[in-house]
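This is the structure I want to talk about, given as structure tokens.
Which chain is which? They are A, B, C and D, in the order written, and residues in each are numbered from 1.
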Amino acid sequence: MNEALLVDVLGAAASALEDAAPELNRLDGFAGDGDLGVTMTEVARIVKEVLATGVAGVPELLGAIGTGIARGAPSTSGTLVATAFLRASQACGEGGEPTALLARCFEAALEGVRARGKAEPGDRTLVDGLASVSTSLEASTADGLEWREALAKAAEAARSTAQATAAMEPKKGRASWVPQRALGHPDAGCSMLAIVLSAAAARAAG
Amino acid sequence: MRKIINQPKAFVDEMLEGVLLAHPGSLRSPARRVVVRADAPRHGKVGIVTGGGSGHLPLFMGYVGTGLADGVAVGDVFASPSADQVLEASRAVDGGAGVVYLYGNYSGDVMNFDLAAELAIAEGMQVATVVGTDDVASAPEAQAERRRGVAGIAMLYKVAGAGAEEGRSLAEVVTVTERASSGLRSMGVALSPCTLPAAGEPTFSLPDGQMEIGMGIHGEPGVSRGPLRPAAAIAVELVDHIVDGLSCGRGDDVAVLVNGLGATPVEELYVLYRSVHGALVSRGIDVRRAWVGEFATSLEMAGASVSVMRLDDEILGLLDAPARSPLLARW
Amino acid sequence: MRKIINQPKAFVDEMLEGVLLAHPGSLRSPARRVVVRADAPRHGKVGIVTGGGSGHLPLFMGYVGTGLADGVAVGDVFASPSADQVLEASRAVDGGAGVVYLYGNYSGDVMNFDLAAELAIAEGMQVATVVGTDDVASAPEAQAERRRGVAGIAMLYKVAGAGAEEGRSLAEVVTVTERASSGLRSMGVALSPCTLPAAGEPTFSLPDGQMEIGMGIHGEPGVSRGPLRPAAAIAVELVDHIVDGLSCGRGDDVAVLVNGLGATPVEELYVLYRSVHGALVSRGIDVRRAWVGEFATSLEMAGASVSVMRLDDEILGLLDAPARSPLLARW
Amino acid sequence: MNEALLVDVLGAAASALEDAAPELNRLDGFAGDGDLGVTMTEVARIVKEVLATGVAGVPELLGAIGTGIARGAPSTSGTLVATAFLRASQACGEGGEPTALLARCFEAALEGVRARGKAEPGDRTLVDGLASVSTSLEASTADGLEWREALAKAAEAARSTAQATAAMEPKKGRASWVPQRALGHPDAGCSMLAIVLSAAAARAAG
């Protein structure tokens, strides 16, 4: 996976994020405060800004995106996405075979988000989505799949996990008072992950 | 939209410019979207840093002053500030005795304050954290540590700020603030939504004549929605929920704070207070101090919240200590 | 209607009950709908009595406190109190040094305060009157004495109250307060109407996206109505009108007060202040003191007013004197 | 004019006032704050309350109404109406021929309202209405008219003065900024006077 390709794929993901803003606001509104789309529009803007300035080197690029989001979109999801980029940046430093590299990046992102947000799998958060993506990429590495194929499978995993969160009853926090409000709707953060991975996979596939 | 603004994007920065122009002797800005007491750092005094989204004034910046907090990191409307801002605030207020991070429990804020704490500690500062978790509607009592922070935090600034001003150590300030926090509960009722300048549309819909008990200060769904009821009935329901988890009853002393969310006239807050007072007194609880007004708002949301804090002599003494901030002081 | 009330008819009395329950150490009620400082009368101190309709908190009752007014006669919503109430307040605060009636120029209030003054003088009290007439939109400069009193009166309480607290004579208090008043001008902009509890319907209609410059605090028609403009443009228009009659320019010192009418977030008031400050400074005027917040409201009306007071050293000293009231003091 | 008749006539006037409340609010709204009807509903309630308790003696009855309104409806118009009743109470103490008595009462009311409110004829206030009523009653006294007839003429004068105020440009106060808002609409206070006098005259006539 070279830098130009990464720029291309991330740009496509950012555009998809912008398009999905109203839907993300709507999903966040069922149990949250309805602003995930607002934050992700800002995140997408920052990603595109960094891509346009052209930072040299994959780890440097991911790091610059992470830092930019941490400074410029410091909300819950913004901070978590920033953490994910920063950890991915560190994890991919050594380089390596693309599918394994992807798997390493997402594993690092998952661990970073878990540490920062203190949510566990099953809490109906972004952690559920990242965990399934990480698992899928690990399996693809073991199976020796090409990275584009692995990415497509990971996107598939993200989509089905987002779907699955719709049936997860919020057991913690405010939403647990009125579980019926969230029930039936996928978690907003997991949907966001599914949207960006799907866009990335589609662009990678050409 | 009925707003006195210019470009929505410039809202927070223009508001901050206005604050600094209005109160040049009391406040200064050591970094972008960071505001501290003009006399910070105070050598040997524990510094108190707070922060959170904009749109809640006087929360958070209004509590920067004497006997209160020393610095604030100012986020976008209803959005967390960055760890960078919190770190800048910490550097500007640290007088060598350590810094307490005191703010409301919102995941974005927690993550950014935690990250800032790691960075500040790496720079050699002592940092401790107390998070306001007073909103009983935001999680059941068994998950009390997951609750959000709302208007009750005003009383925590008072306790922590007075303790720090007296020259207490970092550990002492944290201990008494945590004790105050553990005896603090709040709950609110919303009567209308509010509109974010950048969005231009109400954050949620709440038809005229309806109320939502326990709604969050960003419009997060509450415990129940239904027809608007009389002030007396609202007071009883809020006090019931609050006192439930507080294990507070006959002979206990409390301080009460009735807070307006933005568009509710102070007259109505006093009508509400009248019944809150009655509900507490009828349980044999002794109301030792009361404040009624706007302490934590949600832009122009209509509604109110009630906060009750259990008192002991030490906490009462700290609540009574002098405090002054340019944004709170109408004189 | 989005109100936290019980029976609309009971609104004012329940509000008063709430006030007295919340602040038992600071305020007491010597007669129905009359509230005075708990320590009134203060022997040898000039007493300051104010009053007016309800629905404007913190005006009028909020200015009863140390270094401010001593007593208030509380009217129905947007309606004058009776001469009887003013007389009761006068009796309760007169410490033998005379009483100043300080209130806003509304015909009902003027008539009832005048009648009360006749009765109080007949009882042997010394009474003098200063009427706030700061609203430049309510009459042209040539009829300045006919103008209504609005939020600027907050600064007059400060001046008169500090003078009285220092032990000045009745004549001295009146002289300096009148001087302050003659150098005081205000003007406001309304963005939404408000609803009286007893009426249940908005007092007037002002469509979303429209503003009315110079509208009165009861919704009296203003100087012009049109599409809502940016904060910066509103500030320039208000400052132009205010400074016009104040004959104030390069090198002059002023104090500024930006007031919210009820539903406008404090953040917006600071955005407005930013441009007000700029408009004054660009004329070479020196802004020595500034206050931003709610000082005189119209229930939940959206909008703001700007008040500017010309300063001399004596008036500035009085503005800086300590003052405290239970309704204003958030700490 | 005996007491029972006065009670009857005042009761009719109070009822008319209640009925006119929305119209009075509307008229007050053009240049004022739109609450005259609210105040007058309260005034009417107090009048009926005093009438129902049955105070003995005409001056005492008028005095009790004046005091009741001063305490219970202390707004601009309430205070002025209270002043009018109190002055009328004083003026009718000596008794006398009904038409002359009426004339004396309204002259006293006019002087009281002028002194209290400091408005002059031509200012487009209640003073204009009271002045024309007072003038009409004086003329009727000189012409030796019976009191019912005099009252009917006074009501007629009040109505035509109210009409005339519609063409009076507000020259003072807030309304002078936007004279076109008030212009074309009669002054609310003068309309109120016309309404109560018309109702009183109609009841007196039979």
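The rule we apply is simple: contacts are C-beta pairs under 8 Å (C-beta built on N, C-alpha and C of every residue); 3 or more make two chains touch, one makes a residue touch a chain.
In this text, all values refer to a predicted model and were calculated from it rather than measured experimentally.
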Taking each chain's C-alpha mean as its centre, the one farthest from chain D: A
For chain A paired with chain C, centre-to-centre distance based on mean C-alpha positions, whole Å: 55
CA centroid of chain C to CA centroid of chain D, Å: 32
Chain centre separation (chain B, chain C; CA means) in Å: 28
Residue numbers of chain D (touch at least two other chains): none
Multi-partner residues of chain B (each touching 2 or more other chains): none
In contact (per the touch rule at the top): chain pairs: A-B, B-C, C-D
Chain C-facing residues of chain B, complex: 1-6, 11-12, 14-19, 21-23, 54-55, 57-58, 62, 67-68, 154, 158, 189, 191-192, 208-209, 228, 230-232, 234, 262-274, 277, 290-295, 297, 299-300, 302-304, 323-325, 327-331
Chain B residues within the chain A interface of the complex: 75, 78-85, 106-108, 111-112, 114-115, 137-140, 143, 146, 148, 196, 198-199, 203-204, 214, 216, 218-223
Parts of chain D lying in touch with chain C, wherever the complex brings them together: 29-35, 38-39, 70-80, 83, 116-117, 172-178, 181
